[in-house]
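Two complexes, one shared chain (chain A), two partners (chain B, chain C).
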Partner chain A sequence: METEKRSIQREALAKLIEQWCREGKRVLAPRKSGDKVDFDRVTSLSEVSFDHVQTVQSPKSAVFPRVEELFSFRSADGQVEVRDRELDILPETVVFGLRPCDAAAFAALEAIFNWDAPDRLFTARRARTTLVAVACSRADEYCFCTSVGGGPGAVAGSDILLTDLGQGEFLAEIASAKGREMLQAADSLFGPALDADKESRLAKPAAVFAADAVAAVLAGLFADTAFWEEQSRRCVGCGACAYVCPTCACFDIQDEGGASGKRLRCWDSCGFGLFTLHTSGHNPRPLQSQRWRQRLMHKFSYMPERQGVLGCVGCGRCSRGCPVDMNILEHLRAIAEARP
Partner chain B sequence: MNALREKARELLATKTVQVVIGYAPGSGGAARALFVREAAQAGELVFDETCLQNLAAYLMKPEVRRLGRAALVARPATLRTILQLAAENQLAESSLLALVPGADGVLSLSTFSAIEAHVAAQDNDLSAAEKSELEKFAAMGLDERREFWQEQFSRCLKCYACRAACPLCYCTRCTVECNQPQWIPVPAHDLGNLEWNVMRAMHLAGRCTNCGDCSRACPVGIPLYLLNQKLCSDVLSSFNQRSGMAARADHSLSTFKPDDPEDFIR
Partner chain C sequence: MNARDVFKPFLMRIEQITEEAPDVRTLRLVFQNEDEGRGFIFRTGQFGEYSVFGEGECTFCIASSPTRQGYIECTFRKAGRVTSALAALETNETVGFRGPYGNVFPIDQWQGRNLLFIAGGIALPPMRSVIWNVLDLRDRYRDVTIVYGARTVADLVYKRELQEWAGRDDVKLVTTVDPGGETPDWQGEIGFVPAVLDKLAPASHDTVAVVCGPPVMIKFTFPVLARLGFAPGDIYTTLENRMKCGVGKCGRCNTGKHFVCKDGPVFTFAQLQEMPQEY
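Take a look at the complex of A and B:
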């Protein structure tokens, strides 16, 4: 679909958010709390943060919550009754104010959840989610969207992309059928396209490496134990990077409630030692260096090879959230330059 | 700083240690851990107020242990952590020495008793600000306090960054990972989060050396230090014991004494 250009004023944007709320939609947007900005449910534009670079967590929980019931079960008299989730009651959701990299990340999640068998719950949530992104006017040292095929004003992935043009005016790029539906439901709030220089409003994060160069080097790097130990020496093996990442999709299955209860899907991370521990006691990835290698391999080698999409959008959250400053960008640059 | 680099060079050149674990400039104006294995690399070491991480956490990591004897650049809490780990039989005296940068050069402490003497002379009390924050909490009603922690824990992702950053969370199988039986619910829902955080705090009571790394590690900013400091001060007032003061110690919460004043335990 060709992108349609319109404009919207800040006051109209406020009305748009109110309209979504009136329609019963759940609106998730970046909101400042203390010294952190994170996605939260909002009901008005005044609650939304615009001047941050990135939120701590990604918007992935809109389609992949950190804990969610897959189904419930009841067993009695040797019979087990399984009850699927009612998908119709899942909330219509607008994720507002996510960044272009975050919007692009949904393609990676879709590639994972619907790879061989479609994931009903994920698909239902995704179908009910509309992405209204805001282009980046600032980037920081951790951002690297431009090295992984994205950009601070990239439209791909968003249903609508807004760019702040100053003086309370936004360029609105309507980029999908969902975006058009949203526009049609509130057409009078949008103005005509503006003759504006979008580029001049955007941050300019430098392209640091070429993703295909990283993939090519990684292909020959698996067995280089010393390289991975050196790279990962200060990593302490937590789940922070995976949990804040918009594309990380590892999960764990837990049953709660005994004979009658529910089955839950919970976030998990390949960075944990327990993640690959077999019942036999054998662990194919007993060392953190092997788990760090897995993290990079999965995102930059296995996913492009098998699913045709990179597992990283360069949002930089893993670097900002890492307790020991692992800084993935530095490591990727080192890999691109390693050329074995 | 030059004295530190000089010392690191000497220790590596004379093969007194195989690695110096110190700090180097990192991203965002902060410092990060650096593992110096060649004398030539010692020039990258720095030490200033941005150097906060308790590097003792690395003494428990297999890939680091394998490197050989380590010299650890130590802050006051790091020294206490070393002693606490020693008291818990986790460190051999011969496996490390501590480097303490100071105004006039760098101290090299190569025995536990040298570390004990140094720690005994430093201020190990909670700061005035820390104490007054605890007092504010003590003054809160039960409901108010419960509400505060419920809100804080509701944000916990169960990413275990607090545990991974903590040098005293060294168990290879944490209680939260025991599932026969399952002690703590794995999901990051309200109950799972409450039990997880209370369990971790209790397992560190009398052991935590108040380095602050768990709070700094938490991506969502839960003030875990409040729990640790409260438990530190309770253990001090109830058992007259402070963690990390000696390389051999009876543990306040896991030592049985026949003359225990409590009836229920005898």
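Take a look at the complex of A and C:
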């Protein structure tokens, strides 16, 4: 679909959010809480943060909650009754104010959850989710979207992309059928396209490496044990990088509540030793260096080859969130420059 | 879109429980919903996720042959939380089952060839499915040889079936136990599976080998088969990576670019040589 350009004033944007809330939509947006900014449910524009670089958590929980009930069950006298989740009650959701990198990350999640056997809950949540992103006017030293095919004003993945043009005015790029539907439901709030220079409003994160170069080098680096030991020396295996990552989708399945309880899907991480540990004690990836290698290989080599999409959008959250200051950008630059 | 939720298990009734060895038992499971049972088709080599509601799921191959219809069987050792709960269930109680998942032993391609099955310990179950499958279609295959070992005589599983195979003139069965694992009346071999295989020295000409066992047994069996002249593409095994979803999403069984749950669990030694040793 060709992107349609319109504009919207800040006051109209406030009305738009109120309209969504009136329509019963759940609006998730970056909201300041103490010294952190994170996605939370909002009911007015005044609650939304615009001046942050990036939220701590990604918006993936809108479609892939940290803990999701797959179904519930009741057991009595050895007989079991399984109760499906009701999909109709899942909320219509607008994720507002996410960054273009985050919007792009939904393509990676879709590739994983719809690979071969479509995931019913994910698909239902995704179908009810509209992404209204805000382009980045600032980047920090952890941002690297331009190295992985994205950009601070990239439209791909967003249903509507807003760019702050100053003086309370936003450029609105309508980029999908869902975005158009949203526009049509509130057309009077949008103004005509403006003759504005979007590019001059955007941050300029430098492209540091080429993702396809990383993929090409990685294949030959797998067996270089010393390289991976060096790369992962500081890693404490806490899994924070996976939890804040907008594309990490590995999960665990657990039961809770006893014989009449729930089966749950919970976020998990390949960085944990328990992730692959067999009951026998055998572990295919017993070393943290192997687990770090798995994280990078999966995102930059296996996913492009198997699912046709990179597992990284350059949001930089893993680096900002790492308790031992591992900066993935430095690691990827080292890989791109390695000559195995 | 009324497709069945991939995570929703079929409800199965435990029809029969067989004690195989200490802490090892086989459950025969039948579909509680007959329509679901009629629509269920699997092929040998495939696996499933078995669950005890309230405890969780665990992954086993389907240990019965697709030629034996109306039920599926799984054999497991009581080891962790879910298998302990499974072992505590009684006949007529309910087990969840999702599947069948994964690829298959290409038994159609093996027609007209000799078959050599090599298994160790609790790894006989995946092999039992394919063994019964080919024995039920016996005239399609030439010589069938089974080499099976366990730590002790007590640890040998499927003892009744081992007897049945030993009694057949169209099957050659060699059983072995680790040194010290024999009983006074033990008639079989004494020694580790790779060593017994080396001594047996089966001909590799026009023969397919299937190897299932603990990682250490597999590691030492491949070189023996190579010495005997088996081509890497004629040696099959089934990997047992830890899994949760079984459908290529949860990430656990990812080994190189492969997902054991989707691309496997059946691989040839030729394929394994191209994969990182993360299994």
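Going forward, the second predicted complex is superposed on the first by the 340 of 340 C-alpha atoms of A that agree within 3 Å, B and C clash if a C-alpha of one lies under 4 Å from a C-alpha of the other, contacts with A are read in each partner's own complex, and residues count from 1 in each chain.
Keep in mind that, in the parts below, a residue touches a chain if its C-beta (ideal position, glycine included) is under 8 Å from a C-beta of that chain, and two chains touch if they have at least 3 such contacts.
All values derive from a computational prediction rather than experimental measurement.
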Chain B versus chain C as contact partner of A:Q254, first or second or both or neither: both
Touching partner for A:G78 - first (chain B), second (chain C), both, neither: second
Touched partner set for A:Y243, first chain B, second chain C, both or neither: first
Partner chain(s) touched by A:I17 [first = chain B, second = chain C, both, neither]: neither
Which superposed partner A:F275 touches (first chain B, second chain C, both, neither): second
Which superposed partner A:R285 touches (first chain B, second chain C, both, neither): second
Doubly contacted chain A residues - partners chain C and chain B: 252, 254
Complex contacts: residues of chain C adjacent to chain A: 1, 3, 5-9, 11, 51, 53-57, 79-80, 83, 89-90, 92-94, 96, 214-215, 240-242, 244-245, 247-252, 254-257, 259, 262, 276-279
Complex contacts: residues of chain A adjacent to chain C: 70-71, 73, 75, 78-80, 82, 84, 112-113, 115-121, 123, 222, 249-255, 257-261, 263, 265, 268, 270, 275-280, 282, 284-285, 290, 294, 297-298, 301-302, 305-306
Chain B residues within the chain A interface of the complex: 26-28, 30, 32-35, 53, 57-58, 61-64, 157-161, 163-165, 172, 177, 185-189, 192, 213, 216-217, 219-221
Touching residues (chain side chain A, partner chain B) in the complex: 34-36, 38, 56-57, 66-67, 140-142, 229, 232-234, 236-240, 242-244, 252, 254, 256, 264, 266-267, 269, 272-274, 287-289, 319-321, 323-325, 327, 330
